[in-house]
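This is the structure, below, for whatever I ask next.
Should a chain be cited, it is by its letter among A, B and C, assigned in written order, with residues numbered from 1 in that chain.
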C-alpha cells in the first residue's frame, strides 16, 4: 500500500464540536477508500472568519503554525481538511507567503518557521482526484438509488478561484459526480455556490433566515429529498436553523441536510456510529426510507 | 558631452520606430511618469540594431543599454525582430566574456499600444541600473598602466 | 556644416517642464550649430515661416526641430525645409514632448535630457546626406477584405470612383453582422431594406469581383504593387452554374447542419443558401453534414440540380490578385458569454445572446418574427436584458466599452413591446452610453413610451426556477438587491476582435492592440490609415463601431485609396538600402536575410555583387546589420549616422587615446 495517497490531516475546530459527524465520517470514508491521514501534531485554530478581517499577518501566522507543524510529518503529499473555511485560511496563508517579505514577517511570529508551505486540499478534492468517482462506484455496497439529493458546495469551497484552484467556481461538479457514483439522483441545483448567511446567524439572524430559506426553497422546487453539503457552517444554518426558518417563513421544510461524507459512508456500508446520522437535527430516516421504497417499487 | 546632472546615470535606448518608439509616445501621451535617465535613439527596426552599437555605447561609458522592438510575429518588416532576438541573445552571453556586467543590457518587446508596459519597462530597467551603480570607468592610473604595457618591447 | 536648431515651447506642453531657452542656448554651443532659438509653436504657420526665414538668413544647410514625436510632425517639417530649398532629409527631429516634458517631473533633469536629445539630433544631422525619391508605377486595383457593411461601402465607393475592386468575404454571403439584424437604431428601420440594395449593387457592379467563401492566404509586395493570394474554399457547388434556385436545399435529407447565419438557434440543411437575400445567391455544402461526402450515400442534390452544378470532389483553390492597395474591413466577433459561469455558462436554453434575439425578431428568421422561447416555444412575458456582458469587465479581460450595446438593447426592448404588447422588459445597465445623433432620445423612448424598466446595476446571477429564470442583480440607485423573474434573458454580449484578426494583421504587416483590434496610424488624425503604406482600415476591425461609423469609415478608406491612386506614379521612400560596390564581397548574406527579397545578385566585371531593388526595399535595415563588410547601408540610418548619435551620448572621458 505504498502508493496510497497520504496526507497531513487538519481536522479544524468545528469538527471537535458542532460538526463532529463530519469529522468522524470524513475519517471513516478516507480510511475505507485507502486515503491515509496523519493528524497534524498539536494543531491549533486557523483563525476562522474573524482573524483575517483584523490582521493579515496574524491571520496567516495562525495557519502558518499548522503548516509548520505539518512539515514535521514525513511522507505526506499535502494537507487535507474537511472544512472549507480552514482550507481557505491554509491556502491563503500559503499563497501570501510566496512573497518572501510577507513570509519573513509571518515566520518572525512563529517558534518554528515555515520552510515551504505544503499544498492544501479539501477532503472533497482528495476523494475526487485521488480516488475518483469510478473507483468509488466500485466500492459501493448499498447504492443510494432513489435518493434525490441537491449538492450544495457553499460559497467558499471553490472561491476565489485563483486561491482555491479546484473545480468550476460557478458550477462545481466534484460532489455531483461522487454522489452520482453512489447511485443517488443528483437534482439540478442552481444555487450550489450561493451564500447561506454564514456566521450572520448571530448578528443578523434575519439574513440567514432569508438566504438559507431560499436554498431550501430552491432545493425543494427542484425535487430534492435531501441536501448534501461540504461545510460545517452551511450544514448548521440549513439543518439546525431549519425549524427557525420554517417559523419565519411559514413553510414546512423537512429537508435532511447531510454531509456528503455521511452519504458516501452509507453507500459504502460503513459503521453507522461513525457516520453520526443521529446528530442531524432534521431526521433523515423518512427521506432514506422513501428512497428505498421508491427503488423497491421500481424494481 | 557633459555627464548628466544630479544622480542620473547614462542609459541609452534603441527603439524600433513602429512599435516601441510608438509605445514610448503612447506612454508620453498618457503622461505616464518615468525616470529621466533614458535617452532614446530611434531606428526603423530592431533588426537594424547592430550589436556593435550596444557595445560601443557600453564601452564608451553608458551605464545601461535597453533595446526594444515589436513583439515577435508583429514586426512591421515581417521578421526583423527575429533577427534582432538572435543577435541580442548572443550579445548578452558575449558581454560576460568581455568583462561587462550583462545586467547592464536588456532587450524587450513593447507594442505601440502598450504605453503602460513601456513605463514599467523603463522604471524597472532604470532601477536595475541604479542598483548596479555607475559603470566602471577607466582611471588615469589604468590608462598609464596600459600605456606602459603597450610601450614594453615584446 | 551650418545647422539651425529650433526648440519648441508647444505652448506650455514643453515649456512647462523644460527650460527651452536654456536648451537653445546649450545646443547653440555645439560646433556645427550656426543658429539656435526657441519658438512658441514650431508647427504653426509663423513657426514654420520662422524656420524658412532662418534657413535663408543664416544660409543653413540642415535643421533640427526639438518638439513632439517625429511620428507626428516629421513629414510637416520635412515639407517646411523643402520649401526653403533644402533637401527634406537634411532635417532631424528631437522628441522632447512625449519623451521628456510629459513624462519627467523635474525641470532640471528634463532640460538636460532635452539638451541631450537635441544634441544627438545635431550629431545625426552632421552625417545626413540629401536623398532623392524615385518614382514607380501603381496598380490601380484595390482589394477589400471583409464584406460587412464597412467593406461593402468601401468597395462600392472605390468601384464608383472607377477602380477595379476585389472583395474577399470569408463566409458564403456578404452582409456581415448587419445582415443578421432585424431592425437598426435609432430609426427602427429594417436592416435588410437598407443593406439589401447595397449588397445587390456589389453583385451587379461591373468593377467589383466578389470572392465569397474565400480568405486571404498571403500578401506579398508593397504599396502600389501588392500580390495577394486568395484561397477560395471548396463550396462543392460550381457557382458559375448555380442559379440559386434552392431546389437542392428543399430536398436535402440532412437537416441538422449548423446554421451559423441564424446564430445556431436553428439548424439548416447540409446544402444551403445562407438566407433568401444572400449575395452571391449560391448554394454551398457543409461537408461535415453532407451524407454523400461523409458516407458516400444520398446524392439527391446532384440528381435534382437543374444546371448540374454539384461537385462533391471540389478542392480549395488559390488565385493571385495583384492590387495596389488593401482595405481591411474584417469586423468583429461576439464575446463568448459562456465564460460567465454565473449566467449559466451556456447551460440555460432561454438565456441567449443579443444577436440570437435579432434572429428571433427577424421576419426571415427561424421563428418568422414571432418571439418564442428556444426551450419550449412559448411566448415570453418578462424579458430581461443584461448589458455589458463581456464589456467594461476587467475580470474577463474586456475593459473596453463595446459602444453600441446600449443602443441595440433599447431597440430590442422597443421591438419586444411592439411584438408582444403584454410583455414587460427589464434592462440591467451600468451606464447608458448614447452619444450619437438621436441616440439618447431613443433610449428615453424605450423607457418612457415602451415602459422598459431600467435598473442600474450588474447582474450577479441567473438561475432557473421552475420554467422561469431568476435574474438577480444590484440596483445601485436604490441601494438594494433585486430579483426579477424572467421568461427570456437576452445578454448584450460585447464585441471583440474577429477570430483570426491577428493572423491577418501579420500577413498585412499591420499592428494590432492587445485585444486584436487593428491599430490606426494616428488615433485622431489618421483613423483609417495604418503604418503600412497602402493598407487601410474600415469598420469594427479597428475597434467596435455602430453602423453609421462603420459606413463612414468605409467611405473614408475608399477616399484614401482614391487619393492614393489619383497619381499614376508614387514616390518611393529613399530611405532604402544601398550597396557600396567597392566593399561588397558578394557573400550573399544580405540576400538571404532580406525579408522582402529586395536584394539580388548582380555581376560586376565577373564578380558577384549585391544589388538593391529600390522599389521593393522597405527600409528595415536588417541587411545593414548583417553585412560583415559594412558594404550595404540603409540610407538615413547608416552605421555612421547611428554611431554619431551614440557618440554624442557616450564619450568615455579618456585621458589619452590608444591610437
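Note that in this section a contact is a pair of C-beta atoms (placed from the backbone, for glycine too) under 8 Å apart; a residue touches a chain by one contact, two chains touch by 3 or more.
Just so we're clear, the structure is a prediction, and the values are computed from it rather than from any experiment.
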What's the chain with its C-alpha centre farthest out from chain A? B
If you tally C-beta pairs in contact for every chain pair, which pair wins? Let me know. B-C
Could you put a whole-Å number on the gap between the CA centroids of chain B and chain C? 32
Measure off the straight-line distance from the CA centroid of chain A to the CA centroid of chain C, and report it in whole Å. 51
Approximately how many whole Å separate the CA-defined centres of chain A and chain B? 55
Help me check something: in the complex, which residues belonging to chain A touch chain C? 168-171, 188, 190-191, 194, 218, 221
Within their complex, chain B touches chain C through residues 1, 4-6, 8, 10, 12, 17-19, 21-22, 24-25, 27-29, 31-34, 36, 39-45, 47-51, 53, 56-57, 59-62, 70, 73-80, 83, 87, 111-114, 119, 137-138, 140, 143, 146-147, 150
Give every residue of chain C touching chain B within the complex, in rising order. 69-71, 95, 97-100, 102-106, 108-110, 112-113, 116-117, 119-120, 505-506, 509, 511-514, 519, 531-532, 575, 593, 595-596, 618-622, 624-626, 634, 637, 639, 642-643, 645-656, 658
Help me check something: in the complex, which residues belonging to chain C touch chain A? 340-342, 345, 347, 461, 463-466
